[in-house]
Structure formats: C-alpha cells, structure tokens
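Two complexes follow with chain A in common, the first pairing it with chain B and the second with chain C.
Our next item is the complex of A and B:
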C-alpha cells in the first residue's frame, strides 16, 4: 500500500509539472501583454504618444521583459515555495488576495455538490437495480433523463423563481446580506451552508442522474454474478448479501470517476454561478483573460486543474482500498 | 452421524414430478419436465447430460437458487429430510424464510463449475469461509476462523493459515476448487451438490479433486449429487446415475447398469462417443444433430429427432412410460416398452 501511495503521489507531481507548463503556455498565448493593456487604459483619449521605449519601461516595471523560461521558473517557484501566485495587475494587489476567498467558496461548492451527488446516486441507484423493472425504477429512469436533458441554468432560474416566490428567500450569492462582510463565526458558516444547498442541488442534478445510472447498471451486473449466488447458497440473508457483495463493487465506477465529476462541476459552475450570483472563480477567470491579467488567470487554471488531478489521486486511493485487485495490477 | 445412519432406510431427498419453466421474452421455456429422483444418506447420485439438459436447473431448485423468472410447477415436490428428522417440501418454503436459509448451506451445500467466479474477488478466502461457518454454527469469530483454517487444511491446501488471508485471484484453479469445497463442507451439510466441479480444471487436478471428494464423503458421510456431462468422471464417483436429456430423464440405474449395460439409444450413443484406450485409431461416434431448442421442444420422446432407432409414428407422438429392466435399472424408451406390452 505504501509503495502504491508513493507511486501515485509521484505520478501526481509529474502530472502537475506538465500541467504548470501548459498553463504557462496558455498564459503566453493571447496576443499582447498586460503592459500594452495598461498603457491603453492609462493613456487612451489623453492624446499622449506612447513610444516603444515607454512600453519597454512599463514592461520592465511589471517584470514582463524577462525571457519566458525565466518568468516560468520565477512564477512556479514562488507558487511552490511561498504559495505566492504573483501580482494581479488589474487589481493592483496580489493574486492571493484576489482569489483567496473565492477559492474556498468554489471548493465549498465543489465538495457540497459531490456530497449531494453521491449521497443520492449511490443508494438510489442500488435501490433501482434491486427493484429492476418496478414502477420506482421507471420513475427514476425518467428523473435521470430529465437530469441529462435539462440545462443547469434553466434549473437554476426555476429554483431561483420558486425560492423567491414561495419561500421569500434569496438564493443569490453565498451569504445573506447580514453576514456578507461579517467575520467568520458559527452563524456565518451555517448561513453559508444554507446558501450552498441550492447551487449544490443544481450542479449535482446532472451528475446524480449520470452516476445513478452507472450504479444501477453495475449493481445489476453484480447481482447476477455467481459469487452472489454462491453467498446465497451459504444461507446469507438477502439484505446482508446485497450490501456485502454487489453493493461494494457497484461503488467502484463512481469512486473511479470522482475526478471526472469535479471536472464537470467546474465546467458547469460559471453559468450557474452567473445566474445565482455566486462569487466563484469561473467569471474571474474570464475577466482576467479579457484584461490580459495573466497571473490571475494562471493561478485559477492551475488551482482548478490541481483540484481535478488531486480528485483523481483520491479516487485511485479509494479504489485501491475498496478493491484488492487494483494493488495487484499496479504492483 | 450415528443417529442419521439409523434412518438410512428413509430417503434424504425425494424429488417428484419436478417441472421448472422460465418466463422469457420469447415465451415460457420449460427446462425441466417431470423429473423424479431420490438420494439416500451417504450415497452419490450422478446426473449426466449435455448442456441445456436441465441438470443444473433441477439441482439448483433444491436450494431455490433459480432466478426470479423461474416457475416451479405447483405439482412438483422436493421433499428433504432435515438433520432434526423433519421432512420439508422445499418448493413450498417462502423465498426469504429463515427455514430456507438454514437449509442453504446448513443442510444442502453447492459447489460450482467456476471456482474463480464463485468467490467474490474483493474478500479473502478466509472471510468467505468464516461467513459460511458463522451463518450455520453458533461460534465466535475466532472459532469460525479456526474451523475455516482446519477445513482448508483438510481439503489439502498447504499453509492454510496463510491462504486464509489471501484473495481468490492469488490461488490457482485447483486450489480455488479445493477452497470452494472447504466452504461447502465447513457448514457440515447432509447433501452436497457438485455442479460440474471438475469441468474447468485440467485432467490431473480433476483426478485429485475427485479423489478428495471421495475421501471426504467417506469421512463425513454426506450424500452427493454429482452433475457432469462427462461419463468417465461419473463412473468413478457415482453409486447410481440418471441420464437426462432436454429436461427429462431417459434412463436410470446403478453405475454398473448404465456404464456396462446401457439400454437407451441416447446412453449408448453417449458411451460410444467416449475415446477409449483399447480402441485407438477408430473414429469416435458423434451423435448427429444438435440438442433442439427448448423453445421448440419435440413432442413425444425428446430424443427422437436424433435417435438412430426411432420408430416413426410412435416416438414422436408421446413420451414413453418407464420400463423396469431390473430392480435398479429403468429406461424410458418404446423399444423396451413394446416388448413388455
């Protein structure tokens, strides 16, 4: 197990190294840099003439005149060694300040969505498999297709409408106005949790529909295996049998796709966040790209990819714990 | 064991008029049609037949292990004498009853053709044997482990303590089948159903497993129903044999009756299809044609479509009645029925 852990950790580090290079290349890709953008902002309409020398000066001020490899190593070593993601030019402060709280909120949304997804899809999928072809099973299938077919933002609008019209509560944002600027306290955390429920349900909807079908299909396969019949032939009671044999294996495909789910949630989050007015990273990423504020964009890309890679790492570990065959193959 | 021995006159298992069908998308398929057989304490019954003859279905029904779309006919009965002397009709038990669970494993145990897939890959061998022991004996976890290790040792597995902690994929095929036998016997059943236990093993391992089963039967005194398509194997282990074809029994007798004096054209053809060391160089006689689909069962004798001695106008009209050739030997064939009439 230790060997397996070390292998996987090394794999994760290597992956992150290549990811960081790719992120840096993406940061370099848009034409122009922040120096030009800054000059444009500052001097457009003033009639001032900007020479190449002025631009070079500005560039040197921002440290953008150094060759790309040097900038990459400076950037990445600051991140790894000091947790410093560089300077957010457009905000005139550090990237850490700009994205700090938003990261925690994005992660809160991610984890609450994952938890809602698994809490619903795993037991319900198993139930549907055991009661195959029953009324409940068909109803759940319809629910799943709805989950696949309904766009998230539409669902967000519907829930927004319902909660404002019928419950007189605002779902917009992650905090009630009273707590928005208050320091962290138990009440504020509870307030956050209550605001997380709606976004988590919206984002979990399609993932749940998908995982529910996966669990159902795997469970159906496992229910018909000889090992289940063999356990039944040993006189094991039915419910114990279901939990010990097929249920345990039906979790495997879910566990092995935690990274995919994280990816999907990150991709769907910006649109939902826009509708619900949530402070998260997606919109900031878009804005920083428009401003050519590359350290902000880079930090967000790097953090989101790291989260996905880390989730994949977690799913490998969970899988190895759940299924002894995994360790055998990986040596 | 002693008090059971005293009652050996009584049958341990009496299967009567067993008829099993399956509801499928193509309609109702009858897999077993009017089968009767009995097993006495400590004896070995062999059931021989091709794939699809219904031999597994009829024995799995003894433990009610058939899938949900199966229907056991109301007139069928499977009467089993439990260790406490009471006789129950297994077909009448409720699917989730405690009584049925006690019979599964505790009275009747089953070993399968595929030792790999009959173990769950995510639990150790020891876990799965202990589970069986704990289900049927009033012992602690530690005692169950000791019983399991002792059983592994008894079925000839070296280093049983180490094997106990291993996963099924860490054992060889022959080893896994030994472990499967250990699971079955750890529950101390009165009847062991062996469903083609040696089919997936190579010949030397096959011989070892057969020998092991013979030894254990002598030691523990349980009865065995041995299912196979291999007449060579059955001749080594069985006291008596039922020959099945397409859900019906065509011939029954002692092993000697069936192997040395086969009467039904199907049994004769099966025996001719076995390669023999004293007939090297001769071609084997294959039975022509395929076993008919259970969806289009022939009326009359199920074998008439492939039978060399078919009597047109008789065999394809109705199923022959049993003809007793001796006290032990019965055949279902018009060739003999006519002689008696």
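Our next item is the complex of A and C:
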C-alpha cells in the first residue's frame, strides 16, 4: 500500500510538472507582452507618452527580458515555494488576492455538483438495470441522450427563462443581495447553500446522464455473474443480494471516474457561471482571458487542473481500498 | 471457419444463396446491411443530410443575405405562414404584415403583426444576388415576398432575418466540425499509429503526453488558445485557427482508441506473417492494419463530431470563438446570452434547437454505426 501511495504521488507530481509547462506556454501565447499591456493599462487616458525605453524599463522590472525557461522557473518556484501566483495587473493587486475566496466557492460548487451527480445517477442507474427494457429504462436512455446534446449553459438559460417568466424569481448568483458583502456567518453559509442547488443541478446535468449509463452497464454485467445466481439459489432476498453483490461492484467505475467528472464539471463551469452569474474561478478565468490577464488565467488553469489531478489521485486510492483486484495489478 | 461448418450442413438452394451472399460480402456491405435495420440511426443520418444540404445551398434557401438589415424590422417575432385569415382561405400561403408602433408604456418602438395585411409568399422569386457555392452567380431564392419582408424565425435587434442567418450558421458550424474532425483524425492517426505500432518506450512517452493533455479541463484550455488570437485577425483566419484548436484538443481521445486497436491487432498472425515476409513498417500499417479497423475509425469520427460542434458553440457563445460577421450557431446564440434578451425575444433561442437536434442526430447515428460495425454482433 505504501509503495502504491508513493508511486501515485510521484505520478501526480510529474503530471503537474508537465501541466505547468503547458499552462506557461498558454500564458505566453497572446500577442504582445505583459509589459505592453501593463503600460497600456497604467497610462492609457493619462496622456503620457510611452517610449521604447520606458517599455524596456518595465520589462526589466518584471524580469521579462530574461529567456523563457528562466521566467518559467521563477514563476513556478514562486508558486511552489511561496504560494505566490504573481501579479494580477487588471486588478492592480496580487493574483492570490483575486483568487483567494473564489477557490472555496469553486470547491463548494464542485462538491455539491459531484454529490448531486452521484445521488441521482447511482440509484437510478441501478434501478434502470434491474428493470431492463421497461418504460422507465427507455425514458432514462432518452434523458441520457439529451444530457449530452443539450449543453449545460443552454439548460441554464432555459431554467432562468422559466423561473423568471413563470415564477418571477431569479436563480442567478451565489448570494442574496443582503449577504453578498456581509462577513461570513451561519446565515450567509445557509444562503450560499440554498443558492448552490440550482447551479449544482445544472452542472450535474451531463455528468449525471453519463454516469447513469455507466452504472447501468456495469450493473447489467454484474447481474449476470455466477455469484448472483448462486445467491439467488440460496434463497437470499432479491434486494439484499442486489446490494450485496452487483451494487457494490457497480460503484467501482463511478469511483474511478471522479477525476473525469471533475474535469467535465470544470470544463462547463466558466460558461454556466457566465450565464448564472456565479462569482467563482471559471467566470474569473473567462474574464481574465478576455482581458489577457495571463497571470490570473494561468493560476486558475493550474489550480483547476491540480484539483482534477488530485481527484484522480483520491479515486485511485479509494478504488484500491474498494476493489482488492486493483492492488494485484498495480503491485 | 464458418464456411467450413456450412459445407457440412445441408441447405436448401435459396438459403445457401442467401448464405453465400452473406459470406462473400465485404465488411462494408455487412455494416451497411446491419445499418439498414436501425431506424433511429437512419433518422439521424437523414436529418444531418438535410442540414448539410440546406447549409450548402443556404443562399438559395435564404430569402435574405446574412448581414442584410431590413428597415423597420427590429426584433420582429416569427411570422408563421398560413393559408387562412378573416377574409377567407387561399391556396397560396401568406404571412401577416408587420407595422411599427410605439409602445404606450415603455415608449419603445415595437413591431407588431397586422393580421389584416396579407403578404403572399411566392416561390423562386428574384431577390438579392448571390454566388451559389461561391462561384455560380444567381439571384433566385426559394421563396420570398413581392413587397414587405418575410421573417420565418423573426429578426434580431439589428433587423437581420434570423432564418437566413441560421441557415448560413448551419453551414459554418457543420463545416468547422468536419474540418476539425479531419485534422484531429490525421494527428491522431499519426501519433496514435506510431504509439500503437512501435509500443514500448515510444508508446509510453506518447501515452503520458496524451494523458497530460486530457487532464486539463477542455473548455478552459480551448479558451486559453482562443484568447491568443490577435484582435486584428480576419474572420477567415479566426475560422481556420478555430478548426486547428478544436483538432489540437480533440486528438488525444482518438489517438488512444487507435493505439488500443493497433496494439491488439499487432499480435495477429497475418501481421506477423507480413513482417516475416520482409514488409516494412509503413506497408504493414497502411496495407494490413489500417483496413482492418477502418470501420472503427469511421465510427469514432462520427462520435467525436458532436464534441467539436458543442465546443465551437460554447466558445463562440462566450465570445472567444468565431467573430461576427461570421455566423455560426454559437455566434447567433450570443444574442441570447442573457435572460433579459430571451425574455424580450424568445425566438433568438431557436439556434439552440438546431444545436440540440444536430448533436442528437450525430449521437444516434454514431451509436447505430458502432453497433452495425461490431463484427461480433452477428445475430441481427
């Protein structure tokens, strides 16, 4: 087990190293450099003339005249050693300040979405497998198709439209206006929780559709195994044997794809957040891309990916605990 | 194997002919026969063909051009063709006329239907000149009015006909998907092919690389690449850059599948035989391995298509993908980005319907093709 843990941790570090290189390349991609954008932000409208010498000065100040590998090394070592993600020039403060609280909101959204996904998909998927080819089963297949074909952001728009036209309420945002700037308290937390439900359901939409099919398929495979037949022959009650053999195994593929689900959720987050007006990392990412505020964008991309890699890591460990067969293969 | 079994079984003349036909059929014939039994997949294919056809000849089916602004027709709601009004019924369909009126409450100019005015629809009318397929100069449109304007799906806030724009968008969205899939496929074939064929160290390195690309959330990654487009790029440049981005992020999944299939085929007897006869790597890949899983590749292509479509729509929706004056489904949906906009003009949401229908069609078609191409499913 220790060997397994060490192996996985090393794998995680190596992956993050390559991801950070990729993120750095993306940060470097936009035309023009940080100094030009910084100068533009700072002096536009002031009437000040910016000369090439000024630009060179700014470049030297930020260390932009250094070669790319050196800048990468400085950027990544600041993050790893000091937890410092650099400067957010559009906000004129540090990236850490801008991102700070949003990380927790993003995690809250991620976990509530995952919970909604599994609470719906696991029991319903099992039910569909047991009642194979029934009307309910077909209805769920149709739902699964729709879960893929109707993107979450369109679903969000439809729900918003319905809620405004027919119920005269808005479901956008993460806080009621009273609590938006209030300090953290029990009431504020409850307010957040109630506002999380709708985004979580919308974000869980496609992940649920996908997991439903996975659970259903695994459950179908497991229902045909000899252990189930043997238990049935022994006279074990149907519900008991379902829980005891196939249901336990049908959860394994779900556990092994937690990271994949997190990836899917983060992928959809920026656009859903834009529609629903959620103040979290995805929305900030979109904004910083549009502003070309690449230090913020790079930091967010890195954090989101790290969360996914970490979820992958966790799911590997859970799986090793849940399914003894895994350990045999991994050594 | 199966044919030798058959020779021992006595068969009636008719049956054996059927069986002969079955056993001598090529792989694609077999797939085609199985595919013909799948109604849902065929419906999907039909819808896609219609969409592609209409998109290809969009200018002919359009009453107006994509950027033509119809004066006095800001946010007109959809005009539904009908045959009857208070004055009676006719064989010629018509739409109610549109008049501008000031709203007493909001004091905004609004356009409303005037059912007493009847505007006949004519077919094959002369209208705006255009170039069909980019080189045939024409000015005949499938339908149109002699006076006034027809807006089957209403107009947007600039008075442009949504129906016309939607057909043009269909062409853009489908074509960007096709080009994206093809580029992704070529990349996947080269990279996945190398990994699957050579195995060992090369395989390991390529596997790690695809894993790293796959672990980063897709849309945020697309967004990062799309944000890097210079603002001064022309819409054509952005279009091609978009196809490249879609392909760049889409290849790892395809490459994995190709690799997996190649790895399992590599150990087959006929491949070893070819190698023993002195065939080179490229010949073995091209002549022996590729044909063996061509059908899988086609299915994979169809399945990966909707991802491209959805990604393009999502990116253009948030303003990081295609830019006006190019119209795609995502660009059209930009107008319906806020609830307020949809409340004011619900018909601006019609493009979403096209997205959903196209993706659904691709999905059922892909599923049908996958089942049809599965050689182990001989029963039906």
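The rule is short, and it goes like this: the second predicted complex is superposed on the first by the 304 of 331 C-alpha atoms of A that agree within 3 Å, B and C clash if a C-alpha of one lies under 4 Å from a C-alpha of the other, contacts with A are read in each partner's own complex, and residues count from 1 in each chain.
The criterion applied here is as follows: a contact is a pair of C-beta atoms (placed from the backbone, for glycine too) under 8 Å apart; a residue touches a chain by one contact, two chains touch by 3 or more.
Computed from a prediction, not measured in an experiment: that's the story for all the values here.
In this overlay on chain A, chain B fits alongside chain C without clashing.
Put simply, if you stand at the Cα centre of chain A and look at the Cα centres of chain B and chain C, the angle between them is 80 degrees to the nearest 10. In the superposed pair of complexes, A:123 makes contact with neither chain B nor chain C. In the superposition on chain A, contact is made by A:238 with chain B only, not with chain C. Residue contacts after overlaying the shared chain place A:249 against chain B, while chain C stays out of touching range. Of the two partner chains placed around the shared chain by superposition, neither chain B nor chain C is touched by A:100. With the two structures overlaid on their shared chain A, chain B and chain C come no closer than 7 Å at the level of C-alpha atoms. Touching of chain A by both chain B and chain C, each in its own complex, is seen for no residue at all.
By the touch rule above, chain A contacts chain C in their complex via residues 14-15, 18-19, 22-23, 26, 29-31, 145-146, 148-151, 153-154, 157-158, 160-161, 164-165, 170, 172, 259, 263-264, 266-271, 274-275, 282, 285-286, 289-290, 292, 297, 300-301, 304-305, 308-309, 312. Interface of chain B with chain A (complex): residues 63, 65, 67, 96, 101-106, 109-110, 112, 114, 117-123, 128, 131-132, 135-136, 167, 169-170, 180, 183, 187.
Across the complex, chain B is touched by residues 224-238, 244-245, 248-249, 322-325, 328 of chain A.
Put simply, chain C touches chain A in their complex at residues 208-209, 211-221, 223-228, 230, 306, 310, 313-314, 317-320, 333, 336-337, 339, 342-343, 346, 349, 352, 355-357, 359-360, 363-364.
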